[in-house]
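These are the structures in question, set out in turn.
Paired with chain B in one complex and with chain C in the other, chain A is shared by the two complexes that follow.
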Partner chain A sequence: MIGQFIDGPLWTFSLTVFLIGVVWRIAAILMAGKRPDLATPKGSAGAGALRAVFSRFLPERTVTTQGRLPLIAGYLFHLGLFALLFFAQPHIDFIAEKITGLSWPAMPHWAFIVAAEFAFAGLILLWLHRILHPVTRLLSDLDDHIGAVLVFLVMLTGCLALAQAFEPLRLIHLLSAELLLIYFPFSKLMHAFTFVMSRSYTGATMGRKGVNA
Partner chain B sequence: MSEPFDQGVQVLRQQIDAGISAYFSSCVHCGLCAEACLFYTETDNPRYTPIHKLEPMKKLWRREHTFWGKLGALLGLSEPLTEADFSEWETLVYDSCTLCGRCSMVCPVGNDITDMIRKQREGFSAAGYAPEGMKEATRRALEIGSPMGVTYATLKAALAHVEKDTGLNVPVDRQGADYMTLFSSMEVVNFPEYIAAITRIFHAAGVSWTISSEAFEATNSGIQIGNKDAAAELVNRVVTAAEKLGVKSVISPECGHAYMAIRWEGPNLIDRAYPFEVVHILELLDQLKAEGRLRLASKENTPMTLHDPCQIVRRGGVIQPPRELLNSVAEHFIEMKDHGVMNWCCGGGGGVSANERAEPLRLQAFNRKKQQLDESGVDTMVTACANCRIILEEGIEHNEMDTAVISLTELIADHLLEGGKEN
Partner chain C sequence: MIRPKILQFDDGDGRSAGWLLLLLILYSLPLDTIAKEPISKDLPAAAVLNPAAELWRDVRQRDQPTTGSTQVRGVDSGVLINAYGDQWRKFRMQQLIPVGGYALMGIVIALAVFYLMRGKVPIEGSESDKKLPRYSTYERMIHWFMASIFLFLAITGLILLFGRPVLIPMLGKEAFSILASACKEGHNLIGPLFLFALILVFSQFVRRNIYQKGDLNWLLKGGGIVGKKHVSSNFFNMGEKTMFWMLVFVGAVIVISGLVLVFPLFGQGREWMELAHVGHAIGALLMIGVIIGHIYIGTIGMQGAIEGMKTGYCDLNWAKEHHDLWAGRAEERGEALSNEEVAQLTHNHPLPSSLGVRTQEAGK
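Entry: the complex of A and B
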């Protein structure tokens, strides 16, 4: 009964909240508007925006020398999570069955283990850095911690459900993922989408000035 | 609540556009911007983390632009922006930020934190929470025409000396000249050698130029304090004078924020594009050199390094011209570590130099520049901003360093080939 609810209506509800919420947040940002820049440009705003979207995946030297821990932990977590989310066989099967109908090759089991270790190590290190470093401790709020805990829960239950031998574990994993989807649009987790916008706005401004940002 | 406070909140509200919303939505509180800020690196005080300086604006954004903020406001659970927030954050917004833009270059999600602080200052200024020194500078700029109180009479006296020293005529109010030149007050008062330098260079290169007696001041206190109306008025004076004289171009002086004001912010402040071009003096010198009109002779043997003024290089996009020019007169041009768009600020930009109470913090922040200089092993630093020059000289004196600071334009003039002869 509960299993059917998690598998059926709650999944539909959480996915709907996620999709509508994300679109609403992005639309709200765009609708806030931005005045056109009247200064004669030196370079291309479009090229600057495109460049910044990708160049900011690589850190400046100031960060590589002074902020190594969050930088390395950030890479571990994001790359690990991305691999788990889109290249774990159960996820590919789930996406094919419930959302897109499309599937693609999965990563081998050993790669799943490596990706999971990366993601766990990265997330734990980032969270420890958040609560221990004076700067991140000052900046952090409840939203940061809720987001970290929810993602951790999803990853943990996902690993427990990996063997696919015990149905309740799969349902717990799905339930935690659904909670994450519902929370997502109302939180800083939105940066997974809005980073493209923030990088683009800055890149466009700097691109007009002829500065590679 | 006071009327200025309400006005400040209203102005702050108006600053929240799509860019600001995207920036706040994207910030994950990673704190990496701290490592790019000289006020944090030199004090280890987490309050100087760039994004933390934006808490008041974030509070307003969260309350009025997010689900939880709106829900909290509806239920009376979220605290609104208060006068105490303005009061507590004033020093963070003005004393510990030079608008240098370094934080904007390192943010992983691409937030232009500098632009956010520039916009937040609009609200603070409207609410009356700004340093007295900057308020006074803005008042003098509007009433007298210059933040340092320099009038045309002062400039005229300086021009008379220049004409006597160079034996050349300095054109004033010449209708139809190609270029109208602006100065910063600091150049008129502290470094009139700059005026002499461009007079000689323009004469040698055959540049058609003039100065306007009605608008010669390039600095703009309005953009530093965050007062759009004042900034627009100051830009308008220059635009009106340039249109009256019918010039093709306006030359920004070496001063960094003057370039930012007239080149990049100006058209947006007055809501229209200019009918003329704006060039930085270094861009023009580089162009004259490329055209073969600026001929230089011999090179300095002393090792020299370059301090990149933030608003000209990182925020302004004039990156290669100073390097081309310095290379043409210096045999040993040695770049500092973290040069170009990632250079460290002198510590006195963004109005900090006009803010007396910020001096102890500014001198502490100068340690970053000192370290950068020490690592370079060079004792002669060339720059292209009168404000940087003053701040660097103060820091050098405070630290009892043996470093000379010279203007790039003046250095170029010293190597000018005039009438086939080296100066």
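Entry: the complex of A and C
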């Protein structure tokens, strides 16, 4: 009964909330527009935007010397999670069956293990940094902690259900993923989609002013 | 010829009486004695050869481990029955689980008794109005990273080891099988992170954990547990240093044996895996026992002990009482900060200009 609910209506509901919420948030940002800049442009806004989108993947030198571990943990987590989400065989099967109908090659088992280790190590270290570093602790609010806990729960329940032998474990994993999908559009987790827009906006503004930022 | 009637079995009237007599005679015979009478030693026992015995002796490979030949390519594919498997199973069921369980319970009970006798060890001079920076954010991060990984592995490992005798009676077999599967998968996947945590902790703390002058004195005086006099100590005392080296060496045994168990990629057979399991379980139980003591001191056992790992700063009086050699040097260097300054640093309030770069986050 509960299993059917998690597999059926709750999945449909959570996916709908996720899709509509993400589209709504992105549309709201795009429709907000930008203030007209009447100054004479001193550089290319487009080039600045493009540069900012990619250059931000490399941190400032001060960051690499002062906070090396959070930097490495950040990359470990994001790359690991991305690989797990889109290239783990069970996820590809699930997406093909429930959403797209399309399938693609999965990563080998050893890569799956490495990605999982990266993702877990990165997330735990990042969350510890968030609560232990006085600056990040002050900057963090409840949303940050809920987001981190939900993502961790999804990863942990997925890890516990790896044997794919027990239906309750699969349902717990799916339920935690559904809760994350519902929470996602209303949280800072939206940065997964908005980071390109925020970087390009800053880059374009600075590029137009001729500032290499 | 006249026969006695009672022997005339075919006679209708005497038949039952005849049977009765026969039964009485049989009953009176010392049949049990006959049954127990040993076979005469003079007579050689008939040698009955079991034609399958030799075959099964070879199959079980009890006399000498031999490997058969097979078309199947793989580790141990030529072994039909692993004779050591039974020894391992008996050790696990009859020694490891009961002895390990009682040992852990014994540690918990001993700490409870100790707590009832000694109570929480207070800071004798009461809390000071000054603090010393003790651990950087990075050090606290890797400590809690190690702690979270260790606790997860310890809980899942204990469920796997003691689940059958302890949890099945409470949860039932079906629920336990789900729990055990979850614990096994979680334990195996998170396990390699312990190696990562161990490397981080080792590289960061090894320099301060090298034994030095005064450590032996700390040990000889029982670390101040017996009696009420505090014993001189450096940044880490002899007990903490010993725990560190146990974590390194026993942790290495746990990691290596765990990798042998989880990744059958190194050509290891069942015997190596049984050996690895024994080493893994004994090492893990040992470290769990030690860490229970560590957690006891950090939480209810001693006032101010966990503060350094929580905030990065420890009370000056606590430092003087438990790590006086280090505290003296730190004070001489002018590292002591007022509680207000520490509150501002840890909560990121605006810094007093006098502090300058004397913040822990600036690399102290």
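Please note the rule applied: the second predicted complex is superposed on the first by the 211 of 213 C-alpha atoms of A that agree within 3 Å, B and C clash if a C-alpha of one lies under 4 Å from a C-alpha of the other, contacts with A are read in each partner's own complex, and residues count from 1 in each chain.
As a working rule, contacts are C-beta pairs under 8 Å (C-beta built on N, C-alpha and C of every residue); 3 or more make two chains touch, one makes a residue touch a chain.
Since the structure is predicted, the reported quantities are computational estimates derived from the model, not experimental observations.
Novice: For A:Pro168, using the defined touch cut-off, is the partner it touches chain B, chain C, both, or neither? Pick first, second, both or neither.
Specialist: second
Novice: Examine A:Val135 and indicate which partner it touches, taking first as chain B and second as chain C; both and neither are also allowed.
Specialist: In the superposed model, A:Val135 contacts both chain B and chain C.
Novice: Touch check for A:Met190: first (chain B), second (chain C), both, or neither?
Specialist: A:Met190 contacts chain B only, not chain C.
Novice: Kindly classify A:Met1 by the partners it touches after superposition: chain B alone (first), chain C alone (second), both, or neither?
Specialist: neither
Novice: Under the stated touch criterion, name the partner, chain B or chain C, that contacts more residues in chain A.
Specialist: Of chain B and chain C, B contacts more residues of chain A.
Novice: Which holds for A:Leu125: it touches chain B only (first), chain C only (second), both, or neither?
Specialist: second
Novice: In the superposed view, which residues of chain A touch chain B and also chain C?
Specialist: In chain A, positions 133-135, 137-138 sit in both the chain B and chain C interfaces.
Novice: List the residues on chain A that touch chain B in their complex, please.
Specialist: Checking each residue of chain A against chain B gives 25, 28-35, 37-40, 42-43, 52-53, 56, 59-63, 66-67, 70-71, 74, 130, 133-141, 143-144, 185-186, 188, 190-191, 194-195, 197-203, 205-206, 209-213.
Novice: If we count contacts the way the header does, which residues on chain C are in touch with chain A in the complex?
Specialist: 137-138, 140-141, 144-145, 148-149, 177-178, 181-186, 189-190, 192-193, 196, 345-348, 361
Novice: Inside the complex, what are the residues of chain A that reach chain C?
Specialist: Chain A residues touching chain C: 69, 113, 116-117, 120-121, 124-125, 128-129, 132-135, 137-138, 156, 159-163, 165-166, 168-169.
Novice: Which of the residues in chain B come into contact with chain A in the complex?
Specialist: For this pair, the touching residues of chain B are 16-23, 25-32, 34-36, 40-41, 44, 46-47, 49, 51-52, 65-68, 102, 104-112, 115, 263-268, 271-274, 277-278, 314-317, 319, 338, 341-342.
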